């Protein structure tokens, strides 16, 4: 058990089940003096919220966050920030089937073997609903990073099933329901999703996240590398099956002369590394990419077993995202922000009185 | 600083620089009563050791490990196991160039900004030489997992640059210098590597690691998921730029009906999940895949800067692996074993007196 | 910052300020299948609650705890247990004096230097009000320890200022407002407290805590010793200035022949060790004793300075405990239970398949 | 298992048994740029070393420490510092009795129940020999604290059995074999120890440790309080049964008017708090006191049992300290230094851009 905390100096601990009384989290380690209000978090929570277009689940979750501690007269005090979101959409319905059957590709079977008991309503603790608290906590990290350090963390959907974004225009990302940075692909995506919904099937997606303005020197060598912590954080998001930093899997077929990012006094000539060298930030943008699997909650029947080991057939009715990847953009941003915040705190004043005169290189 | 420890209950802490006096590690949390000798570790260390074929660096590293504590009368006692490998190949040479220049795509520049000072000899702490200790620690975990729990962790090279293994024949893996499970591809790989060496360039690779016999129920929900910890562990290996679990990035273009692993009383019908559901093992084989970048230590000149920000040209002479991925197989196995060991200890007796009668499913 | 979490496998993270919206905590690591309701915690919370006799502060704190997650159909699920106590007694009053002055022997001055800002209302985060959440979390640990392992954790007041309890009669502890186990001393204590209140001064106290039924083998050698973790836990309670295990400071003048607890097949002949040998439980009762300082919130004026460094005089009006030690009994019990719970989880199945046939000794 | 690591950002992990091949430790988190050589540690190791007077064990332990990593060109690099002390005094002798019997008040019985197996030679891991590594690690912390922050950590023996030091003259501490700061008591202590040795018995002691120059603001509220971490660290030293901060147990009989340390613009008027308010340093000297039990290794026979539960009689021949407390002074200093170092790193730059203008008060 345990394992519901992330971070070493900036720690986020969450609680809450999909259909429980409330979700909540404790952010421990936020420095004092940061202006903070519910609105700062609500912005990001609303971006994650379902039901904002016909392409995500029509479930209604108000997701209104309340700050319970750690903020005084509008500013953080350095003490733990308690957050809560009361669950309002707890429909009482018949859960007897879910209780006794294992949905394929869900956590039902593995939770059953780990815990013996489980809150099966809506997936209980394994529901992606928990990520609402990560988004709220990430918003605190993002605000600190932006205001104090000029670090900006942003994400976008780079691929929806077979459709790839071919342009990165940040100004487009929030102009469509997909977080797609390529306006030319939006119509195609809409048509694809409409067909998928009719079909009753689901599809995977790819999300990219980028942090700009990260100073060189953040991270640790060996195990707590910045990229390793990012991989940990991003792989911990529901439905993620792969994580890449910089060139990622493309590096397999790259030659050394192609992959190495040459340096000139004017800047790095490329960013195959994705902003991390030896586990430590290089000053270039941190670039990560994740793969999200298609949801397994489908109208199309699937084979499974029940708790007694007997065969059964599963059909999921109800409100589900045909592409869970779409709503993952703010979650991925949140996790990257939390990792950067933690490493910033671990590195404050780290090189002591050793002088570092070398200029910080940008990217050409 | 810090960050040189991995694990929560089975912890591995390493020390040592490439050209320092010695490498070492402390394994804390190994249960008592496990038969253990240096030979158990030496086997895996020798598989990682350079200079065993013409395709890896010709550097000589004896890599002889010595157990300093934690083993009494041939068995572990439950107290920390201290390990040491004395460095024997410390050639004294002129390091003045390395000291003042930053090699592209190495940790030189980022270490400089983090620490101000660095042991530049052979990359110091950022050298992959550190991974010898991970292999030694992993050997302890592997022995425990095999002997006590019947869990077997094995890896292989599935792609070398453009050449992909198309068959998985475990019996072939140790019959060639590449850890390649497809005998038909070995000649092609040899030719490719010979050409590459002549050219003076390097290439990336892909390694797969598989754990069989893992019982269902290992892992934690939310942040310390088994797959998230694996991503952390594997991304912390030098040169790794991407991590996949199960279907990995292929899931982007998969539909839900294709990705969901259906279950029957006889077993799972597929393993797209890679053995992890909701962060917790499902009883299927745990399957991970990693991408390793091509080394940047090349005879071919590359642009860079020196510590004063002035332009310079870097040529790396000396003994280097043209494909660092080759030797990464035992390292990846070690990290997966360490993660599984840690989660096994965290889960011992976890479900208390709750009965779990559901049969454990294998894979068809 | 951070530091608001206790424990390694059974972790308790608290949030909340004295006069904030709510107090709360997250218990991570409670095994599944434990029957748990609010009543289980309320019992202990009510024992800590102020205003139950004229000898404690007359402040009204309902301290009604609500379970927000981690319990399903009356049983724990193994997922984090979120708890909340809404603050109801938030009198709005004039805090301008407290805001700009440092109360002697309070955390005002040190918080000011650490954080720069602070929630000064009622001491903010430094208020002992936070311990309500420890008592709630401790109640979960205590229930598990009692039901599953037969371990009972109990405390009592052994000294109030100059008045020492001379008898230990557990049945008396809850029959007087002091948690005093010696009925003959209660009248004396009442008279002493009445005089003290008139005087406007305060007094220190000593609390003893005992855990019976602890099996031998809990704890770790070296740093995470059971006694070291107990010292950590107990010293972390507001106002505690000293911690003893077993003989405690009396051991300074003891000879080895007197201190060593001799063993016979029928049992240990004494318990000077307090149930811990080499950091690991011996099977004897765990015995700890703590010293609590007198509160510094007094009607009698004291010298201090304000935030500008100017001299000022502090008089504390309002509702305060003249002996904060009295209400510390349930808090000390809670912290001991949390430590034992954590070490139990760390030790489950620890000696693997090594047989331990030696009989477990009781105490004669 | 595990538990052999102390600290969060400045971590010390030790390994090694009394009669094993070597003792060692890894210091992770020491900032770069600190001049460091073996001599810096040897000084403190020699103060702890046995056999320097007739009042400590005549066992010969060279205790020569070697730095294996983390130091380059005479300065720390920020990477882990590996330390080793090879064991030279490993007399081979007959251990069959120790192997099958439990020495009273030693860790034999509790280790047996925890681990099933144990390295019984000289107490194995439970031997105080492990503290040599703490002293070495503490020396690094002390050097950093002194050089960079002007913090000085010093200890002395304040009581040996019934004999109390009545004067604190720091210049005397190293002029006698007891670390006694009161020259007038040394003769009495010598006579007492000589009689004790003849008698074959042992005695307890009290050690005080003081840190001067600690800035206000170090520490965390709630669980990781500076005083709680000190209690943890000090109680983790072999033979310690009690820990006090400031007034300690004397506070039980103090009134609030006596205990509260009043403040004036010129400074604090007293230091009952021992330099910690609300878990955070106040800028006054940090003052701690510990009680060490008399050793149980005695020539005088004691009752015990063997591993089969049969009665036996234990007589310890061989070389033992009749007062283990004497040599504990450098160990206690080391642990306090490690705690302060860790909290310094956790607090660096903590209050962000919040201005703290209040003058730092000294003590009058």
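A, B, C and D label the chains in the order they appear, each numbered from 1.
As a working rule, a residue touches a chain if its C-beta (ideal position, glycine included) is under 8 Å from a C-beta of that chain, and two chains touch if they have at least 3 such contacts.
According to UniProt, the chain labels map to these proteins: A, B, C, D = Chorismate synthase.
These numbers were taken from a predicted model, which means no experiment stands behind them.
Trainee: Taking each chain's centre as the mean of its Cα atoms, which chain lies farthest from chain D?
Mentor: A
Trainee: Tell me the rotation angle, 0 to 180 degrees, that brings the C-alpha atoms of chain A onto chain B, to the nearest 5.
Mentor: Result for this pair is 180 degrees.
Trainee: Measuring from the mean C-alpha position of chain A to the mean C-alpha position of chain B, what distance in angstrom results?
Mentor: Centre-to-centre distance between chain A and chain B: 26 Å.
Trainee: Take the average of all CA coordinates in chain A, do the same for chain C, and state the distance between these two points in whole angstrom.
Mentor: That pair's centroid distance is 38 Å.
Trainee: Between chain B and chain C, tell me the centre distance in angstrom, where each centre is the average of that chain's C-alpha atoms.
Mentor: A distance of 45 Å separates the two centres.
Trainee: At least two partner chains per residue is the criterion; list those residues in chain D.
Mentor: Within chain D, residues 1-5, 9, 14, 31-33, 78-79, 114-117, 125, 221, 346, 350-352, 354 contact more than one other chain.
Trainee: Using the touch definition from the top, list the residues of chain B that touch chain D in their complex.
Mentor: 1-5, 8-11, 13-17, 20-24, 26, 28-33, 66-70, 72, 75, 77-82, 84, 114-119, 124-125, 345
Trainee: Given the complex with chain D, which residues does chain C contribute to the contact?
Mentor: 1-6, 14, 102, 104-117, 125-126, 130, 159, 161-162, 201-206, 215-225, 227-236, 238, 241-265, 269, 272-274, 276-283, 291-298, 300, 302-305, 307-311, 325, 346-347, 350-352, 354-361
Trainee: Within the complex, which stretch of chain A touches chain D?
Mentor: 8-9, 31-34, 78-79, 148, 221, 346, 348-354
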